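In order of appearance the chains are A, B, C, D and E, and numbering begins at 1 in each one.
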């Protein structure tokens, strides 16, 4: 598998706090990579750095062999990196269809007009929001808003999808649906980096994981190996998952 | 000349800061963008003038009447006129737009009342205009009083907001009114309190500036805009910021007038204000989002 | 005792809750189970006074009717909510958020002790007392929200998905902390997607579907119920 | 034939210009209407017609003034229109007065273009004249003082940065320089300046014999205040608009003594005394000693030209206005045919024991003697 | 059918063509009123073009308006009229570019007051320049442009504005702006160049404001900074737009017309209590029409439509 994303030596500081410290890892095309770590270890910050929401203080990020570190987010998005947010962000006063059209209208090969509407409805259906096209996003539950966010991200036709705790808050049945949705994305050839604290999902979806702690990467490798790593167990998983 | 400039700048700056502090409470905590703010300032000036000329009451004494009255009137304004808007507002933006519109109406009403009662004439009287010698320069006592009040109020407000429980509660309301309810803060009470405190400060400013500024029923908006500039430059809801911003603007004004060109004073104050925002989009002490 | 009966909530035409009745005893953990959109959050918000309840609704806490009170009065009466999305004061520091937690008059006494307990429970908060809440990580904010609710010395805490976004190791300790809190006499109404863990610590549970209570029982009974197992436990 | 004379006007009752309009314009309009109606009306031909007023507020905006005058002319169809307050608004409404043939008797406009305007709009009268006439009149006075050895060459000048201040200061600067004065301080300050201490401080340090401020009411009071607090007492202390207001006298009492400004009256003139008394009686306050007089004189001229022509026909009344002589509070006046201003006004006056006495032109009847040097400021209360 | 672009544009064209005949049917006052309405319609609509979707409340309206007026004051007697307009347009757009680029990091009230401060700065600088350099603070504009012509120019400008606004509302640019107004971070992450979009629309809206100032200037004969840069104009435009409703292109005009007529009515009937009564009326409007006039019209329409439907169902 070829390398899709290469993060090398990235550092990000907030005032005196180093949120990400000389982190390096690679993401291969087509894989679903788990990004794990205790709360406050820098996972969301890492997502922000990749998507261009933050600018690294040092280090490089190469996407398809092009340097994207510090580029403005809209350019990165057009290059094919889409994301969802840990605390959902949808445009509340727009309806679901319009929210998804936001993802379609400004990508590299934009869709507009009725083509965009049709595609938006198709994506809504894919994430489980069929028939909700006219619902204002503000009136949807948290979980539905997360679905909506995913549909919007898919609208960008991403080659790399960043999911920040997208499965958090789903109950068992819903979780199963979510897991198979992400799996199907992988089958469609979308590369995914997912931050998640739900271990069952990580185990069933991710071939490889990267684990961060206090901003640094403490483990990288196949999911099984990583989960057995004593450092990961003590810092993150706790005895229950060991 | 330097001490002159500094002193004159400090006194004017103190006046700006004092007037701005009330607005920063009203906007910062109660989220009411009070466009009628300056009208309250001027209304107090008129009342002080009236008490002085017809009753011989010193403005400093009349503060004892006018400040509680300002507090009470503001409390009622909030309770009666603004609470319905607060209740119906679905978002911060909605409340902002509504409060702009309704206080714009209030501005007209207060101004209209002043016109009816006092006419459109310029009004001016003189109190405590005695020269005081400090550091080898002369300054009018009434201006020193304003500076004193500004520092006093600034310190008191700062202490109140940062150190007292009620103060922290007011700040909490400023940040998130819904969450404030969840920690047992009576949001309506807190917002009305902050609005009324702001009103009390506004009228204090009005009484004090009436001792040396010429005013009429139409210049309220000048005070509103100046106060807004100071509030924004200091960072919304930040009393220390308002004090600092007011004094900076006062000093800039007097230095430009003394050493550069009086014709540029206002231009430079605006330029400084804009420059501050360009560098710190959340104001001097604000947190940029 | 927290007793809720005939609770209904509507958002415009949309009826989110219908005739819901639940009870919880002091020191008891009551779990509310239900799928996405069932109305769990609406239930907690209604109890906390954030959304209007229908006229028939009755909520009593220790015998006192609190169904008509405003949010701050409800906290004062002894019911604290940790809402979905946390409801922190983003621009205030961690310490100030905690201080505000004890704003209720009932919470003034013993504030220092309670603060010490909360900081023990979540050492990360101790390290970051001066940090602005907005800049804390997702999980750190969750800790702060729970800590803040405990500061009000509530008789009952309403927790809306407290483990959301917490690392597994923290989730584990959270559940054991919840057990401790309850053991110390504070009742807990727990809305939680981590059904397995919540049924483990809960004494009692309700099943909510489409805004109605469709089942209830002891935690053990529900854990054994095949329908619950299928829908919520993934067995 | 009609039962009343319809008189319309639009003035700034609110907004930035309201202070000026409420001082010089509105009370005089009210006084004039009151007097005429009290006397049974205006004599038009063989009948006495009472005045019926239609008034609007222009909210200190040129656009509103333009629209309101259109309204007066085309909707209300008033017989005559009184002018708005201020230079800007009088210029804005000029074309409309002209279009509908109304005489425009402006009592509160100072503009160097007055002569041009009178040519452009043949029915327009600019009673306050040009900025130059005030500045030059004052400089003449200074020249004389210097000749008498009373003052030196050094003059400090501050002016407000708007049309009025700039016209006067430009004319003043030219006249001063032509006459060999040295401008040790020559600065402008913007409208709305609240802190005048820096200006007074700096000027005081330069210690000139003469201080001139072409200022507006709030700054006139502020400058005087600061000069007094800071103990700046030049031999000649000249401040601009509002010095001649009763407000100034009320505010500064004895301290006003010796302050020089634009305008002025002959306090011994019976007509002047009567006007002041009547103004006070009807409006509750005294008139200012400058623009109020021109405004009122203009109203008297309008009334007399209506009476003399015996008709409400605007053409005919205008004809009389252009050519006639009128008995007014300013004495017998006729409008200078060339540029339609009143030649017969005081351009410089001084507060002397509670009255603002006209000094220049010195040869004008009733002109007073300059009190020199300006007395010390009395101790502030 | 009713919403097809051809229909909407055609109907708009007919409406504007009809409005062009207004000067032949009204007297001077009627024309003055029409001019007032037309000018504020352009200002408020142009304001809402940018501020409606983005929710950035700009108080810089009069900065552009004043630049237009001043350009005429300076060049009106020097250059032919079309050229004057062109220069005004360029000035206004350049200024908007600077303002737009410098305000990118500002949000909320900081943006509001920044734009106000900027306007005052411009006014002060123009004053200072005139005082120090040209020594003519008040400028005289004697141009032979009659009132009808001013009206027609405004009408043409308004027609172009509505056309442009309509097209933008249907375009990706308009959509991008709505997303920016909803959540700027989201906008950036779906590939919107927020800087471009915001600045482009800001400049466009400023262009219309500038031209309005230029067209109106000959009405006043005399222009000084206080007249040209009167902040009241900015406030009035904002208030009218908010009152009408900014979510729809035709919203602001629903604020402009009643407000203008209300002003006229009160001014004529209560010249001495004008402000007081205006204030009271104003507050009543705010309380009674929470969604603005356009909102009220829309809900009225929705209500009548629902009503219609229920009648059908009953049959």
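We take it that contacts are C-beta pairs under 8 Å (C-beta built on N, C-alpha and C of every residue); 3 or more make two chains touch, one makes a residue touch a chain.
Just so it is clear, the model here is predicted, and its values are computed rather than measured.
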item: Contact distance in steps, from chain C to chain E; value: 2
item: Given chain B and chain C, the chains that contact each of them; value: none
item: Identity of the chain that, by mean CA position, is farthest from chain A; value: D
item: Distance from chain E to chain A - Cα centre to Cα centre, in angstrom; value: 43
item: Intercentroid distance (Cα basis), chain E paired with chain B, Å; value: 31
item: Inter-chain centre distance, chain A versus chain B - centres from mean C-alpha coordinates, in Å; value: 47
item: Centre-to-centre distance between chain D and chain C (centres being mean Cα positions), rounded to whole Å; value: 75
item: Residue list for chain C, restricted to those that touch at least two other chains; value: none
item: For chain B, residues contacting two or more additional chains; value: 111, 115, 261, 263, 266-267
item: Junction residues of chain D - those touching two or more other chains; value: 13-16, 161, 188, 190
item: Touching chain combinations (by label order); value: A-C, A-E, B-C, B-D, B-E, D-E
item: Chain A residues touching chain C - in the complex, by the definition given at the top; value: 14, 37-41, 44, 86-87, 139, 141-144, 165, 168-176, 197, 199-200, 235-241
item: Contact footprint of chain E on chain A as seen in their complex; value: 51-53, 72-75, 77-78, 82-83, 85, 89-94, 98, 101-103, 105-108, 110, 112, 152, 155-156
item: Touching residues (chain side chain E, partner chain D) in the complex; value: 27-33, 35-36, 39, 124, 127-128, 130-131, 135-138, 140, 142, 216, 219-222, 224-227, 230, 232, 264, 267-268, 271-272, 274-275
item: Residues of chain D touching chain B in the complex; value: 13-16, 18-19, 21-23, 26, 60, 158, 161, 187-190, 192-195, 197-199, 201-202, 205, 217-218, 221-222, 225-226, 228-231, 242, 245, 247, 251-252, 380-381
item: Residue numbers on chain B that touch chain C, as the complex places them; value: 165, 168-169, 171-172, 174-176, 178-187, 287
